[in-house]
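So the structure is just underneath, and the comments pick up after that.
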Amino acid sequence: MPTKTYCWAIIDAMREEMARDDRVFLMGEDVAAAGGAFGASRGLLDAFGPARVRDTPISEEIIVGMGVGAAMAGKRPIVEIMFIDFLGLCLDQIANQAAKTHYIYDGMFKMPLVIRTSSAVEMGIGPHHSQAWEALVAHIPGLKVVMPSTPRDAKGLLKSAIRDDNPVIFIEHIAMHRIKEEIEDDEDFLIPLGRADIKRMGSDVTVVASGLMVARALAAAEQVAGEGISVEVIDPRTISPLDFDTIAASVSKTNRCLVVSSSHKNFGFGSEVAAEIGERCFFDLDQPVRRLSPPFTPAPFGRQFDQFLNPDADAIVAAVRDLMA
Amino acid sequence: MAHEVAIPKLGLTMVDCTLTGWSKADGDRVEKGEVLFEIETDKITSEVEADAAGYLRRFAEVDTMHTVGAVIGGLYETRNAALAATGVVAVALEAVEAEPVEAAHVVVPAAAAAGRLRVSPLARRIAKGAGIDPGGLTGTGARGAVLRRDVDAAIAGRAMVAGPGPKRRPLAGLRKTIARNMMQSLQMSAQMTAFARVDMAEVVALRASLVANEAALGVRVSFTDIVLKACAVVLARMPDINSSIIGDEIVTWDEVNIGLAVALDDGLVVPVVRRADRKSLVEIAQERLDLAARARAGRLGHEDMVAGTFTLSNFGSYGGDFETPLLNPPQSAILGIGAITDEVVARDGQIVIRPMMMLSMTFDHRLIDGAVAGRFRAELRALLERPATMLAGLR
Amino acid sequence: MTQDPITLYQSMLTIRECEAQLNDLFAKNLFPGYIHSYLGQEACAVGICSGLNDTDYIVSNHRGRGHYLAKGMALKPMMAEMLGKATGICGGRGGEMHAADPALGILGGNGIVGAGMPIGAGAALAAQMDGLGAVAVVFFGEGASNNGAFGETLNVAAAWKLPLILVCENNLYAEMTPFAETVGQPDVAARATGYGVASEIVDGNDVLAVRAAAGRAVDRARVGAGPTLLELKTYRWGGHFEGDPRKYRTREEEAEWKARCPVARYRRHLVDLGVEEDRLGSLEAVVAAEVAEAVTFALDSPLPPPESALLKVFA
């Protein structure tokens, strides 16, 4: 199997799907001539031409809004919003239009729209370029929210998102762009949306980790394995709809759960997982569900703040030990 | 808004107590100043009066433990409001481990105030399935929580031993107070124990004379009374010993109040002889008898137990020679006295038999240097070997 | 699409009759929500849509019945949808501000002022990519021209030469505020030039003038010459919604505009052309009866079951 970076996995997914279905096209800021602000659409302009790979003005509302209209008129657009922090500029088109069109019009329109966006959590580039907003969009019914943590997941999930008839917010982590992984060389390699992945099997503690936190949870699991603590690491991959069945089955086995995420604790991803576990698995719990998240504050400019604010592997190790105490 | 009925703090080191009785029922009218409930701490029973008027709603059951400040009831404007009230039901503290607290600055942890028997949902489910009462298990989780492993251990234990297992009971009440105080004592001060051998011949003679005149004196004076008086005299002379470290301060007490350890069937209490330096041997003897009798009857009051500045423990009465007594915080010194036994000693080049007694003295080395401790020991020994000099100084 | 003069009149009459009968339902407390009346603007929808094909797209707004009917939506399912009934074209879940018919290129209304413009641009982009000559029309009020989406849409439509006709029905009132008080330039069309978009100001109460302007804009769009902004000057006879006390304008002004009624005006034109009064009178009776039948159908139809709210969140 070829080894690909996370970034090239995304490019490959788009190239394969655009070749497979000529209704698929890509538009966004800097996606064509520049090959993407982060290089995640390199080569696509040459491969598919300027009609299907389009640089847009810096007009987020119309980027998403045109995606909505084009989808209603039969296309399968991929639009790119450079940073997830910019979603505020187009939230009406996401939340009121894309998410509700199928619903309002009684299923007469599909909404096969992929909104690719990047998270730069912990990249030290300040309060307007560093937010984890997956929980914000996951709150809206009708949207799917996907957040891959490995190159293989990124490719398989993006291909599924493009083939899906619902609007999908696809969150790519810039910090992971250069991670490499072997990926199946198969144009129909798909990872289904809404299915969590057990990244490591274990029996003592379930750690539900998303995005950047997955690798950290795995490192922490390795560390405590030496102490005889067996950690099961679950990456939901799709934030909404969340695969609670996999999480609940794990927690019912381990009886202990920690949720680690870049999303704020308040009303966040961890809160949602913890509450659902409380409802589904209460009588399987031997310890309260724990959450590790950044505190309820913006992130200032500078990596020292990011390191201070975000959970690291040591924090995960400590929380796991705490659950075993 | 209801007026909260809360556990009052009745002494410097009071952390928790047992609610031993309510004087009023739910919905009863209570006037300010009426006795409302009764609590027990450190074997003291106190009646607590209402600090406001109203109609009572009780949130706590009798015989449950509570921290200082815990709300155990409410006083409402109308009877109906009281009966309809759904206050947070105050729950017992059984499994709550008190945080280590500084003796002189007791702070009740907020979490402990709302404490309760903690059993994880999983442990509860498994215990129920196995017919085990999780409340009877010792929790090994955070803050005493009963976890699955505790229930599993109980099930395994039951399977291994065909008879009843080891008897378990909760650490509570007086025993819990003692356990906490002893741990605090060791954790919070630097204890140094010194010994001295005292020739008690003259004290023996003095005591024989006092016992012979018991009828006239109206009380039977004991060796303990004489030693206690001697300690009081020396402490009055040496305020450095009659001192405490409290927080960031050194407090030198203006009274010499000597606590006397009294053994009970199920523990130990230390009632206090106040201003012992200014009391006669007869007064001290009378007071000691009264305190000991009331201690054994469980009728000591809060005021009988507080404000000690030094402690005397007579382990000689049950045959000990020397021990290493633990300080009674925040005091800085404690004296343990052993049995008076005839021993062979050298005196003026001759082998003689003398009634000897061992003094075991523990000092807080943070405050009291070895030289000061040595002087205290020497002065006390001098007084006990020449009790006439002590009596000569009495007013 | 060529339409004979009588058909234009019938289309305007149908809209007029629907608005009148819905207002009547509202007054009788038989209508379950807001009514955003289209009375007075009938020439706009009919003039624009009469020049479109079924393969052309329209994107409507919150005041959309005129657009739906002019583009050909069936009367009964449209009316039932307005009342939120199960027989409505969206099963009753869209209601008064949302109806659509993909087969006729009707891409829905909207509850958010201005949100339809980017969607219309997207439909135009799809049409451009398909290369079959279809165009997209987006209807919006002058109030929406003050929304950021307006500028974003004009800009990208011009840059990409999208086959998009931006139809601004300037009825003088942005919800409950006189439009003139909210702008420095009361002609919305004047803004088009700065974006490189062709524009025209048209008498929105003259269905023939609107139809002619729409024809020019559609021709430009179909040959790839890019977007046009048509500003149709008209008047909203009712309030922003029925029950709006209209304190922001005078009854005299309303009377003045009602004297310029687009339906009566076109009727006079037909009479001038020699159409007999009898023919017009019987047409009017037929349309009134059709609308009344649609209203009865809607009133008699069941509501969708509450549990159907759980359906169709995802495709």
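By written order: A, B and C. Residues from 1 in each chain.
Methods note: contacts are C-beta pairs under 8 Å (C-beta built on N, C-alpha and C of every residue); 3 or more make two chains touch, one makes a residue touch a chain.
Keep in mind it's a predicted model, so treat the numbers as computed, not measured.
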{"item": "Intersection of the contact lists for subunit A and subunit B", "value": "none"}
{"item": "Closest chain to the centre of mass proxy, which here is the mean CA position", "value": "A"}
{"item": "Subunit A-subunit B separation of Cα centroids, rounded to whole Å", "value": "60"}
{"item": "Subunit A and subunit C, separation of their C-alpha mean positions in angstrom", "value": "40"}
{"item": "Distance from subunit C to subunit B - Cα centre to Cα centre, in angstrom", "value": "88"}
{"item": "Contacting residues of subunit B [partner subunit A, same complex]", "value": "120-125, 141-142, 147-148"}
{"item": "Complex contact set, residues of subunit A against subunit C", "value": "25, 51-52, 54, 56-57, 59, 61-62, 64-75, 77, 92-93, 96-97, 101-111, 141-142, 144, 165-166"}
{"item": "Residues of subunit C defined as touching subunit A within the complex", "value": "57, 59, 89-91, 93-94, 98, 100-102, 107-108, 110-112, 115, 117-127, 129-130, 136, 148-149, 152-153, 155-156, 159-160, 312-315"}
{"item": "For the subunit A and subunit B complex, residues of the former touching the latter", "value": "255, 282-287, 322, 325"}
